[in-house]
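Scroll down for the structure; my scribbles are underneath it.
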Amino acid sequence: MTEQLSDPKLVAVLGANGRMGAEAVKAVEAAPDMKLVAALGRGDSLDKITAAGARYVVDLTVPESTEANVRFAVEHGIHAVVGTTGWDADRLAGLESLLAGHPETGVLIAPNFALGSVLASAFAAKASRYFESVEIIELHHPDKVDAPSGTAVRTAQLIAAERNAAEMPPGPDATTSELAGARGCEVDGIRVHSVRLRGLVAHQEVLLGGSGEQLTLRHDSFDRASFMPGVLLGVRNVAAHPGLTVGLDGYLDLGF
Amino acid sequence: MTEQLSDPKLVAVLGANGRMGAEAVKAVEAAPDMKLVAALGRGDSLDKITAAGARYVVDLTVPESTEANVRFAVEHGIHAVVGTTGWDADRLAGLESLLAGHPETGVLIAPNFALGSVLASAFAAKASRYFESVEIIELHHPDKVDAPSGTAVRTAQLIAAERNAAEMPPGPDATTSELAGARGCEVDGIRVHSVRLRGLVAHQEVLLGGSGEQLTLRHDSFDRASFMPGVLLGVRNVAAHPGLTVGLDGYLDLGF
Amino acid sequence: MTEQLSDPKLVAVLGANGRMGAEAVKAVEAAPDMKLVAALGRGDSLDKITAAGARYVVDLTVPESTEANVRFAVEHGIHAVVGTTGWDADRLAGLESLLAGHPETGVLIAPNFALGSVLASAFAAKASRYFESVEIIELHHPDKVDAPSGTAVRTAQLIAAERNAAEMPPGPDATTSELAGARGCEVDGIRVHSVRLRGLVAHQEVLLGGSGEQLTLRHDSFDRASFMPGVLLGVRNVAAHPGLTVGLDGYLDLGF
Amino acid sequence: MTEQLSDPKLVAVLGANGRMGAEAVKAVEAAPDMKLVAALGRGDSLDKITAAGARYVVDLTVPESTEANVRFAVEHGIHAVVGTTGWDADRLAGLESLLAGHPETGVLIAPNFALGSVLASAFAAKASRYFESVEIIELHHPDKVDAPSGTAVRTAQLIAAERNAAEMPPGPDATTSELAGARGCEVDGIRVHSVRLRGLVAHQEVLLGGSGEQLTLRHDSFDRASFMPGVLLGVRNVAAHPGLTVGLDGYLDLGF
């Protein structure tokens, strides 16, 4: 799966002192086809990136600084793989304008680098047009403040778009007597249920049901390490995808 | 597991034309230690029970007739195994008074004859005092009109009682931003989530979570046949349990 | 999802007295865009198909007769959807020769019509190149005589082909002390485990594991009815796929 | 759930530099009803235990030293909670002789301190007499050298003993054509399947099946922290259980 290159990819990690950034530093160092040339923490000058000769940056910083970081990279022809949140429509539009002037530079902005999670969402959307019913259960540790999770919301949106495109009716539901909340919340017409349980990390199930059969797509994130294969896959492929790509699924060979 | 008796148990099935009753007729006929001596449908006289020499009745009728059926059985010293709903506190009290005058006759009234479901609920309650978090997910076909299911409500009540007895605090939950319904409904302080999916029959999961671990107790009912082993177990044991027993768990060797 | 046609598709079901065929008869009768014009059982003359004006045949017969049935259909320009087993390489080659002379006629031969199962296998193969480890667990009723199931073998073959194409190494396994059989059997290098349990019908899980994450793809067949949406999808699409198609996935919009 | 005592329990942890021991040091320090008075590593003199005034020792050392450690504790009237392996029949017999002379001292030797795992095994054994079929699937990280796991072997033995006591026949299995290993290994007549997958830690499912229903008992260990509630429960209860107890289930209120 890895590119065989005589010269390793020169990578700078931004946000290297954060929890995700620290994992990325370790992952880049361990990758045989990469070389970590800079690890920047809060307050470090972006000039360290160019001084070190980096050809790739991995941005795992904070919403306040990610835009400036990525624009700096693009302006210097450095490809960027970005896991930081905070990229609203305005920021994305500005970045696309900038990239128009740097046609050989690629940027990947991915809200989720867990390969299994990205695949599960894509599969769920694709399958949902073949089943009468679909619901989502997401399960997380009890210190999480929002319900449902952002991943569950996005998965529901993907599914709803696919079902609308196929002109499918809503899933059947004869419920007439409900204790408030029993049937979960609704995101674009898709039911989502949020479980909070000590001991868990981040888990999601999409349940699809038809006459006499069920298809279940489950993803479990046990550990922050689960994001690193996706980050490395991003670094390995970003140069071959000039311009802006949002979502890691754009790099996966899903054919859809 | 079966008693080895030279003489088979003589059984009458009431409600024999209903879906559950028809299954019971088949199950009793197939049981090597039982003999079906009467199968009564709507409108049949209860005298057929005594005329046939039945020593056991299995009542799978309707709430309107179950009380008269069971009282008739007890008055004739015939043991009764009852799956019909509608036994409120008044009816139960009246039955206990009647049984006081027939000290050798046993009656089992069970809202649920699926052994696996009864065991799962009992285990869930027992385990719940050892885990910080517990939530219930029940999953049914989409033609069901009530949410959550009666079994889920009873399971939550059993769990809540056990946790209150152990003076456990509520499960942790940091949710501050919730899309209405995401966190399910609450039954005695226990969160319950109801999934409705074409293709399913009746399923329930109790999830228990503690530091670094999870215990999951899941029961699947695929078919009405799943109730029959419990009905037969009831017939085999009711004579040894004179008086009134509510709930099949009273006959299971659970030790608690 | 259904085509809106003024004229319904005229369908003949072959093997209409078998268990699958009887389900197909019901399914075709219930489909608003189809009309059942003939239902043939053992011994019926194939002329009934043409006499009834069928434009589609659904063959759910036995290995001994399926080849003659399908060839008869093709020779009369009738599209065929085939669920019968027994199509070895020789028969398929012969059929392709015949179809060469009838370029507008389509034949779908599908070993498995459960949409969820076909999707799960396709997704598993696609995902398997992104995970270090993959194993299969299939679970069936205890009256099944072969282990592993044919579906599990095919799924393992699809996965192995995908991983070989991506030049992936075998999954990691440090086992040095094994009680014989504990680690399952191997199909093309993929571990497969077969569970046999009373109460089950036909179920399969593909487990994919990488650093800190797991992706699980599970399919449950609860009932023979689960095959009918796939059969109808076949009838609706076979005319648009002239020539021979093996596997229902050829008709699904999977993009891969 | 904790005892309310004015005086905290004085605890010494042996093997404090090992991975489990280090977790135990943290857990004892965090427990409001305990006080860590000594933490011994390799080479430390056992006299540190008595010098520190410990009333309880937690032994998480190695098979070579655990026997001497526990005997030292008992000889000084100190209760011991032991997670170290290597206690064969000879050692246990010797320890019981020693305890006969110290009738107020308690020792708990537990091969598994994960409460959920201990509960799941106990429930599985208890339930297994009510189901025709039972099989075990255990799933671990791929660096594990033995298959099946010790916990799976013990669970199978408990189940087999329960089913033998109930004079149950073997589970049904019509397999006549098996690819070697597909049906797993057999432990006392119970089928066990071992999955090895990157990303997993330690997981086990017991599947029980009967007519039309399935009961699944699953335990997931995500983290070494999952053992600490069991260790603390041991310390809190060992004084009330003088003599030798093997297995944490002896302290759980399971009633069986």
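Should a chain be cited, it is by its letter among A, B, C and D, assigned in written order, with residues numbered from 1 in that chain.
Quick note on the criterion: contacts are C-beta pairs under 8 Å (C-beta built on N, C-alpha and C of every residue); 3 or more make two chains touch, one makes a residue touch a chain.
Labels paired with UniProt names: A, B, C, D = 4-hydroxy-tetrahydrodipicolinate reductase.
All values reported here derive from a predicted model rather than from experimental measurement.
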Far-end chain from subunit B, centres as C-alpha averages: A
Cα superposition angle of subunit B on its copy subunit C, in degrees to the nearest 5: 180
Interface numbering overlap (same over half, different under half) for subunit B and subunit D: same
Euclidean distance of C-alpha centroids - subunit B vs subunit C, Å: 39
Inter-centroid spacing, subunit D versus subunit B (mean Cα positions, whole Å): 34
Geometric centre distance via CA averages, subunit D-subunit C, whole Å: 46
Where subunit B touches two or more other chains, by residue: 131, 199-200, 208, 210-214, 220, 222-223, 226
Chain contact topology (line, ring, star, complete or other): complete
Residue numbers on subunit D that touch subunit C, as the complex places them: 131-135, 137, 139, 142-148, 171-187, 191-200, 207-214
Residues of subunit A that touch subunit D when the two form their complex: 199-201, 220, 222-223, 226
In the complex, subunit A residues that touch subunit C: 1, 114-117, 119-120, 123, 126-127, 129-131, 166-168, 208, 210-229, 233, 252-256
